[in-house]
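Before we start, here is the structure in question, set down as structure tokens.
Labels run A, B, C, D, E and F following the written order; every chain starts at residue 1.
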Amino acid sequence: MSKRIVYQLVAPLHLTAGPAEVERRQEFLRAHAAPGFVLEAWPTRQGRAAIESDTDALLASPEILAGVCRAQKGGADAAIIGCFGDPALEAARESVDIPVVGAGEAAMLLALQLGYRFSVISPIAQGAGRRDAHVRRLGLESRYASTRGLGIDIASMANGSVDPRAAVIEAGRKCVEEDGADVLVLGCMSFSFLGFTGEAQREIGVPVVNPVIAALKAAETILAHGLHFSRRSWPKAAPKPHPQSIEE
Amino acid sequence: MSKRIVYQLVAPLHLTAGPAEVERRQEFLRAHAAPGFVLEAWPTRQGRAAIESDTDALLASPEILAGVCRAQKGGADAAIIGCFGDPALEAARESVDIPVVGAGEAAMLLALQLGYRFSVISPIAQGAGRRDAHVRRLGLESRYASTRGLGIDIASMANGSVDPRAAVIEAGRKCVEEDGADVLVLGCMSFSFLGFTGEAQREIGVPVVNPVIAALKAAETILAHGLHFSRRSWPKAAPKPHPQSIEE
Amino acid sequence: MSKRIVYQLVAPLHLTAGPAEVERRQEFLRAHAAPGFVLEAWPTRQGRAAIESDTDALLASPEILAGVCRAQKGGADAAIIGCFGDPALEAARESVDIPVVGAGEAAMLLALQLGYRFSVISPIAQGAGRRDAHVRRLGLESRYASTRGLGIDIASMANGSVDPRAAVIEAGRKCVEEDGADVLVLGCMSFSFLGFTGEAQREIGVPVVNPVIAALKAAETILAHGLHFSRRSWPKAAPKPHPQSIEE
Amino acid sequence: MSKRIVYQLVAPLHLTAGPAEVERRQEFLRAHAAPGFVLEAWPTRQGRAAIESDTDALLASPEILAGVCRAQKGGADAAIIGCFGDPALEAARESVDIPVVGAGEAAMLLALQLGYRFSVISPIAQGAGRRDAHVRRLGLESRYASTRGLGIDIASMANGSVDPRAAVIEAGRKCVEEDGADVLVLGCMSFSFLGFTGEAQREIGVPVVNPVIAALKAAETILAHGLHFSRRSWPKAAPKPHPQSIEE
Amino acid sequence: MSKRIVYQLVAPLHLTAGPAEVERRQEFLRAHAAPGFVLEAWPTRQGRAAIESDTDALLASPEILAGVCRAQKGGADAAIIGCFGDPALEAARESVDIPVVGAGEAAMLLALQLGYRFSVISPIAQGAGRRDAHVRRLGLESRYASTRGLGIDIASMANGSVDPRAAVIEAGRKCVEEDGADVLVLGCMSFSFLGFTGEAQREIGVPVVNPVIAALKAAETILAHGLHFSRRSWPKAAPKPHPQSIEE
Amino acid sequence: MSKRIVYQLVAPLHLTAGPAEVERRQEFLRAHAAPGFVLEAWPTRQGRAAIESDTDALLASPEILAGVCRAQKGGADAAIIGCFGDPALEAARESVDIPVVGAGEAAMLLALQLGYRFSVISPIAQGAGRRDAHVRRLGLESRYASTRGLGIDIASMANGSVDPRAAVIEAGRKCVEEDGADVLVLGCMSFSFLGFTGEAQREIGVPVVNPVIAALKAAETILAHGLHFSRRSWPKAAPKPHPQSIEE
């Protein structure tokens, strides 16, 4: 019997980029899924058009968490949080019993199997300190070369008005030549749904990890293995009797 | 002329513990403030009674951020986020121009000046992994001994029905004797407003940092020094035209 | 069209444990493979019965490397080196163009997605220093709790005369309770082919990663993603004109 | 009742730069002190004109320690060691019961609250390795970007014949643009008493921490909090019956 | 009575570079040995001409291990493995009772006594990631500046057709000026037997560690001190009854 | 021609323990020196009887530095600072041109070649935090297990009234069994001159490094190799025109 995996988008893309973009992303996921896994891409019900700051992440997080909770309630077998910064990941693991995969975490851990040192290519010009802290939190800093930002607006990529390919390839080359990276990770899901990692790795000459695919495969792996995350790390969040909480 | 500092509580304590508790905490802050600083303790308008998980932190964060934004709009000179886990801290720094201090960060950095190795005493039984990641994110792990949790309900402390003193002292002793800590940090604001760090350090024999006071003094320090946090670390979050965002 | 993955065993198990054991392991792999992947388990042509020391690993390595080279020559799409210590992994990546997965590396990276801190359960009583160095080489030490060894002979497990289940569960409990592990990794392939990780995680209460399955899924992930390891990390080994070299 | 804090200068500035310079520094301290704290700047009785090497630090240390001991004997409530390298800090903590603050330590810990990564601007051209070791000793290396030295003579700054402002600003810009610093720390007290951190941060665009003010505020914080350093870290130094020791 | 130390070469240099080169290296060792130590340089019986990759190291390792075992059987008091990558070092320590020194390990540890931060100069153009992992495995990464590779063929150096001096000096200067190294380590034994570290340090202006001499002195130190490596780290490898193993 | 090495004692042992003890230590050194090296043990001219705190180290440092300067002036080829805490080591390297070896540094680096993880046995009951900081400064913390203190008075050992052997062996066993050490380092020179490391390693079963011998051999190594420490790390301390400085 098939396993259902919900890929939780972190913006109301049906409103901001249109339903066709949601559909296109769902198709991308389905095209990369292993047989036996059914993928659904769910936009958030409301929120900003993209996550480009910690503020955006914070404001999107309750909706992301609500989405993951709905995914479990609706019978999904696993959920993926579709944002490189892994917003709401810890809370989601506390709140549901199905495995929850973070796209940034999954992509960086896959990169470690492909080369000694990785760099992240970010759409945001000034996000390196934030990403360094993310990497440090994961304990991976001795394998991390750099984050380079492009200064490209995510919403413009999501609706197709800007094509980041050339900028990604140029930044990737600098990560390799100046920062010592052996492998690259796309640090943005909108890049990733453009499906040009193959082209990018041919141009740059090093592996380029797509976090959408990395997260999808991590979810498949955890389900196929019959694993679950540790309740010692993320104890079940106790329900709390307050009207403003998300469940109500 | 006096400087105003808003201490942003992370729960609607006026509803959950009553207005007197808010008042009591404000008095505690005022009693510890240097001359020339006026302290106000603000509860959130709504939310859960306490932050005891990443889920709680996530759900409280939009209200915390809104509070810090209101503080700036209301003319405050600095804000403190009154929770050891530093929820919404990065987002708040992106969103306002006044300094924003995190109580956990301030307390751990103060502890580093008082001994070689610190431990954190947490109300929550199972929060060590979460705190380890917090410490790692801050890059302080080589000075960190342990986190020990008590398994005490925060709301019960906040409303006075449970007194954690004996449990804190017992856990503190174990941090020192078994984990090698030289200095302790209270990892919960409800502990901290009970004002027993003096008693605890006499009993345990090592310094005990109160994150309420550490955060207050950090805010005073930053204001007196004329400093501000770095916009390279926390770039100004761009306003975004979406109706569901917090500003509207 | 199906992808072929060769799981390179690190001992001549057909000689030491018998062809049925090789067959049994191949069936275990096939039972866990995703549709579209065909798994083959290849014993080495000669060598010691098991890898229980750096000496064993060294002596087995030329045969392991030769096996991976034969796998590529025979049309395999990827290879897995079936030993927790990842012997010959770097050399294999230099020597072939197909992806090569190390079971230890894959298992530890999967564990990082399941909990804050992992421990390894090893059959060998005294292997902790060696494993620590392996973890340090991978840059993962800040997420690593401990290695605990059982003092069980691998060959006896491989031929079925010793059942390690009870010992694994007991050691796993100590990793959790005394060393602070949130997730466990089986540090031996003979444990892993017994297929009791489900039972172990029920008993111990934390996730237990099976490196056989972790490696298999890592290989599937890399192939499905169209990735390859970085030639900057593992440059193509130049052929060398000396009669004793492996090619001849 | 007021608290007295002795700021222990690390050179006989009354002899080398003149009593007016001592007076000027004391006024600078008083201008930045919170109400209720009385600051005194004490030169050492003898010694070299400035600390620009480990040799200078070593030779100045007995006088610094003697000064801190005299401060306690004279009724001071806390002492600050006014040198970025924190000479005699550990010994002073062993030798007295009042809190002793190190200016370098206090400044770097304050910087951590203002940005992800800090650099130090040093007067000495070749001091980076020494500063790296200081940072490593404090366990802060993952938040540290670089030290840049100017090659400026400290005594010339102290007596006013050289103005380092332009050089500091230029070096600070390189720390930010080339080394990735988000926040700067002045690594010299003579820089710091010139009081141009406000100007420097406007010019460079990132926060600039003044270690004089950082140390002063750390001392105020520790006193206001009722804290003391840990006797487990710095046990009380036993008096020793030898005629050449400092006490006699 | 004299102590005998076998310097185990890692290639059949008598075949590939000629017996005179083996003799020349033995003379170099003898010229640097302390009185009371007799040095012998032993080529491997077969193998590739040089170790320039992990593949080369792997293929050479059984012969290196066999050489160390023969050295003990022949009455040697210690053995040195003469390759910067320390191939077969762990296995050799498991397999014999005499001390075994790794040239890379000995050289890097000596460098730490001569300056804050070291770089390695490698003949191989692309070996930095491999060397980084070696350094990380040893736990020395916070003292490590960089590895720079020259792209010079080791066999050509060994037979005298290429002289690497100018290239080493140029790379060394870059390590110092661009990477922040204070001390250099030659990362290749063929460089090292040319005996130009004195010239190199005069030209570059920082100490240059010769791993041949470092290893020789480490072996002399361990013997003079009456030390041995720890059996807890490298337990005695159990003999195993399989015909293909090295002993037969 | 012989090379002269001065072993600089850090106390006026001729006064406090008597000239015979100085003589005895010099004989110990000579008994362990390689042919061609002449060892002299020099007490300081004045000072406390032993270094048991940072205060002791600080107060002894000017005399230690003066001794190293006199050693160079008197024609010594190298100097050793005979204290595990390496007092005055950085300053001495700035002040003279001959190599200066620190006994603690040399011993810990030798230990790294003998096992994966080392512990230090200290006479002082409460010195672990101080030693941890020393290890962190050297960048060796990932190979460091623990420091255990005995609470034994150094002067009593130096004059022979207390024999620490049994206590050292008991503490060493705990380092191995409870802290995971594979190799031990004696953290006190008075222990070390008793010459019982052979006995200790037989009793405890792991190597025990004697810092006296480690430092002696490090000095011989540096001289035999023709090395010097890096002037980039320890630039020549400029002479300074002040009457109280040590030179006058």
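One rule holds for everything that comes next: a contact is a pair of C-beta atoms (placed from the backbone, for glycine too) under 8 Å apart; a residue touches a chain by one contact, two chains touch by 3 or more.
The shown structure was predicted, so the numbers you read here are calculated from the model rather than taken from an experiment.
Counting steps between touching chains, the shortest path from subunit B to subunit D takes 1. Taken together, subunit B and subunit C share the touching chains A, F.
At the interface between subunit D and subunit E, under half of the residue numbers appear on both sides, which makes the contact a different-residue one. Centroid distances built from C-alpha atoms place F farthest away from subunit A.
Using mean Cα coordinates as chain centres, the one most removed from subunit C is D. Chain centres here are Cα means. That of subunit A falls 30 Å from that of subunit B. With centres taken as mean Cα positions, subunit F sits 45 Å from subunit B. Residue positions of subunit E touching 2 or more other chains: 115-117, 129-130, 133, 136, 139, 141-142, 182, 232-233.
The chain pairs satisfying the stated touch condition come to A-B, A-C, A-D, A-E, B-C, B-D, B-F, C-E, C-F, D-E, D-F, E-F.
Contact residues of subunit D toward subunit B in the complex are 32, 34-36, 101-102, 105-106, 109-110, 112-117, 138-143, 176, 182-183, 197-198, 201, 205-207, 209-210, 213-214, 217-218, 220-222, 224-233. Residues of subunit A that touch subunit B in their complex: 12, 16, 46-49, 52-59, 61-62, 65, 88, 90-91, 94-95, 126, 129-130, 133-134, 136-137, 139, 232-235, 237-238, 240, 242-246.
For subunit A in complex with subunit E, the residues that touch the partner chain are 115-117, 142, 180, 182. Those residues of subunit D that touch subunit E in the shared complex are 128-130, 132-133, 136, 141.
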